[in-house]
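Shared chain: subunit A. Partners: subunit B in the first complex, subunit C in the second.
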Partner chain A sequence: MNKYRIKAFGITKDLLGGRETFIEIEGHTVGHLRAALNERYPQLLGLRSLFIAVNNDYADENIQLNDADEIALIPPVSGG
Partner chain B sequence: MIKITEKSIDVQKIIDTVSSLGAGAVNVFIGTVRNNANGKNVLWLEYEAYETMAVSQIRKIIDEASHRWPLLGWAVSHRIGTLKPGETSVVVAVSTPHRKDSFEACQFIIDSVKSVAPIWKKEVFEDGEEWISARPALEMKA
Partner chain C sequence: MNHENIQFSKEELARYNRHIIIKEFGLDAQKKLKAAKVLVIGSGGLGSPVLLYLAAAGVGTIGIVDFDVVDDSNLQRQVLFGVHDVGKSKAEAARQRLQSLNPFINIEVHNVQFTSKNALELIKKYDVVADGTDNFPTRYLVNDACVLLNKPNVYASIFQFEGQVSVFNYRNSKGELGPNYRDLYATPPPPGLVPSCAEGGVLGVLPGIIGSLQALEVIKVITGVGEILSGRFYIFDALNFESRTFNLKRNPNNPLNGVNPTIKELIDYEEFCSVKTVERAIKEISVKELYDWQVRGEDFQLIDVREPHEYDIVNLGAELIPLGVVSKHAEKIDRTKKVVIHCKTGGRSAKAIRELEDKFGFTNLYNLKAGIFGWIDEVDPELTKY
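Presenting the complex of A and B:
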């Protein structure tokens, strides 16, 4: 199992119950992480979109995660 | 200059930052807080940013804009925290030799900031609150 620290912003902060959470998953890609998050927090599936950022950049599903990565949930942005 | 700030934005200071003797145009976009949404009164907005990523994404937008238009100066400043109707939430300013480029570059930057920068706002009404654009069902109600 791999343990990752996840930052949550906007509505995901409310859905996950805080600014930060830890999650343990079998895999080691963004896609694995997304599947695990959707299982643990099915409300995430109700969002219009959900990107996952790794080290301050939008990440594709096949990106490999490392322990030291900064991982964040990016629900639909609404700045301006 | 890229700034994510809890303090009110000084528009004149931003204009001074982008001004250049070689510029024939300074173009400024000022985003302000509306007092209504979907027919309801907005009491205030709560803005939140993933600051490090917002800065790096805005830097990429500026890089792209610099390739497309001859920017002499540029600045993006975005407020976070609690904002009341009428307050300035975002300012984008650019200077270019000629005006057409300044309009195009300024519009490109604010449009890109709104669609890419990880910044969120929650509208607070008399009877509740809502993160903007987060859920499809709420948009259909609009």
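Presenting the complex of A and C:
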């Protein structure tokens, strides 16, 4: 199992129950992480679009994660 | 924009003196501002500071697109307007305010709804677009129209205590094109999931901060001064006073300008962002029908899924079960008669109904279309809006 630190923005703060949370998953790519998050927090899947950044860089699904990485979940917001 | 031949009067030179004396800015950048045409879409929370600062800075031509009218609930954050503007067209009220702030610029009022039909026509006369709209369909529309017309889109968006800023579709001096909104968010979230300012609220000073940053990037795009926020995405969290800048990149699968573009013209954005494709329909009732039910004494249960503080402001005498705890209190919901569920405008109550149907198999739930606000508009205007 690999443990990662997740920083939540916007509506994901409510869905994950706080600004920062830790998650343990089997895999080690952004794709694995996304799947695990969707399983644990089914409402995330409902967002349909969620931008994930690793160490402040936009991250594709195949990006490898390391233990010390900081992962950010950035959902769309529309207010003006 | 050709700025070489731009001239300034003595009064203008005095007015823009604090710009002109900055070494990195100078008269040349001021000329570029005067030559520039900027279209500001939405003159609300973000549009207010954007318009005020662009007008003050001396942007020569500013277009305003807004078809809304000023409402009392706008004044908490939309600093363009005053009490005397309530009920007036926003675009027109904005023009008057901006023209009194700076009589040396042209203000062009577009008191129309921004739609797929007029978007290209409206944008094409301008050099830069600032998106200060308040809903997903319009955000995708602004993005797509800017990509199709090759215009930079200075984007900002807010939610409660958080703001986002980026410059999309910007071509730098080397000719390299930056990312756009669809590189980040290929598909919109379903309606109702991400609350708007009207549903989720917003701290009034936040659009002031974020809209000022948006104005800053418009000025940088026009003048070429500094490093433009293209390929980067800024987030400000007012609660923790924390800000982050994320690095973006273009996505080869972008349907607009990726490797295999599939969108070659503007589409129907309401449909694109609509609930139809992902969620099944739920039963609905209009405020008029609800009123009829009450008048003829129909037996039904009325449930309000808003928060207690909203209930305290105004309510229809319904049983209060906030959305967050609706599953916990499912036993309070009657299965033997019709149940009408309402919230402020109909978004949260739709979520509550889907949740209750999915988890507990209810079949007797009706969503009050337009919520308590619809009720106030059509049945009882004496009640308080918030």
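The definition used in the following text is that the second predicted complex is superposed on the first by the 75 of 80 C-alpha atoms of A that agree within 3 Å, B and C clash if a C-alpha of one lies under 4 Å from a C-alpha of the other, contacts with A are read in each partner's own complex, and residues count from 1 in each chain.
By definition in this document, a contact is a pair of C-beta atoms (placed from the backbone, for glycine too) under 8 Å apart; a residue touches a chain by one contact, two chains touch by 3 or more.
Nothing here was measured: the structure is a model prediction, and the numbers come from that model.
S.K.: Is A:G17 in contact with subunit B, with subunit C, with both, or with neither (first, second, both, neither)?
M.R.: Neither partner.
S.K.: Between subunit B (first) and subunit C (second), which does A:L47 come into contact with in this model arrangement: first, second, both, or neither?
M.R.: both
S.K.: What part of subunit A is shared between its subunit B contacts and its subunit C contacts?
M.R.: 9-11, 46-48, 53, 56-57, 72, 74-80
S.K.: Inside the complex, what are the residues of subunit A that reach subunit B?
M.R.: Listed in rising order, the residues of subunit A that touch subunit B are 7, 9-11, 13-14, 46-48, 53, 56-57, 70, 72, 74-80.
S.K.: Spell out the residues on subunit A that touch subunit C in their complex, using ranges where they run on.
M.R.: Against subunit C, the touching part of subunit A is residues 9-11, 19, 43, 46-49, 51, 53, 56-58, 72, 74-80.
S.K.: In the complex of these two chains, what residues of subunit B are touching subunit A?
M.R.: Touching subunit A: residues 31, 47-50, 52-54, 56-57, 78, 89-90, 110, 113-122, 131-137, 139 of subunit B.
S.K.: Please output the residues of subunit C touching subunit A within their complex, sorted ascending.
M.R.: Per the stated touch rule, the residues are 42, 44-47, 131-136, 139, 156-159, 162, 164, 184-190, 193-197, 200, 202, 207, 233, 235, 237, 240, 244-249, 278.
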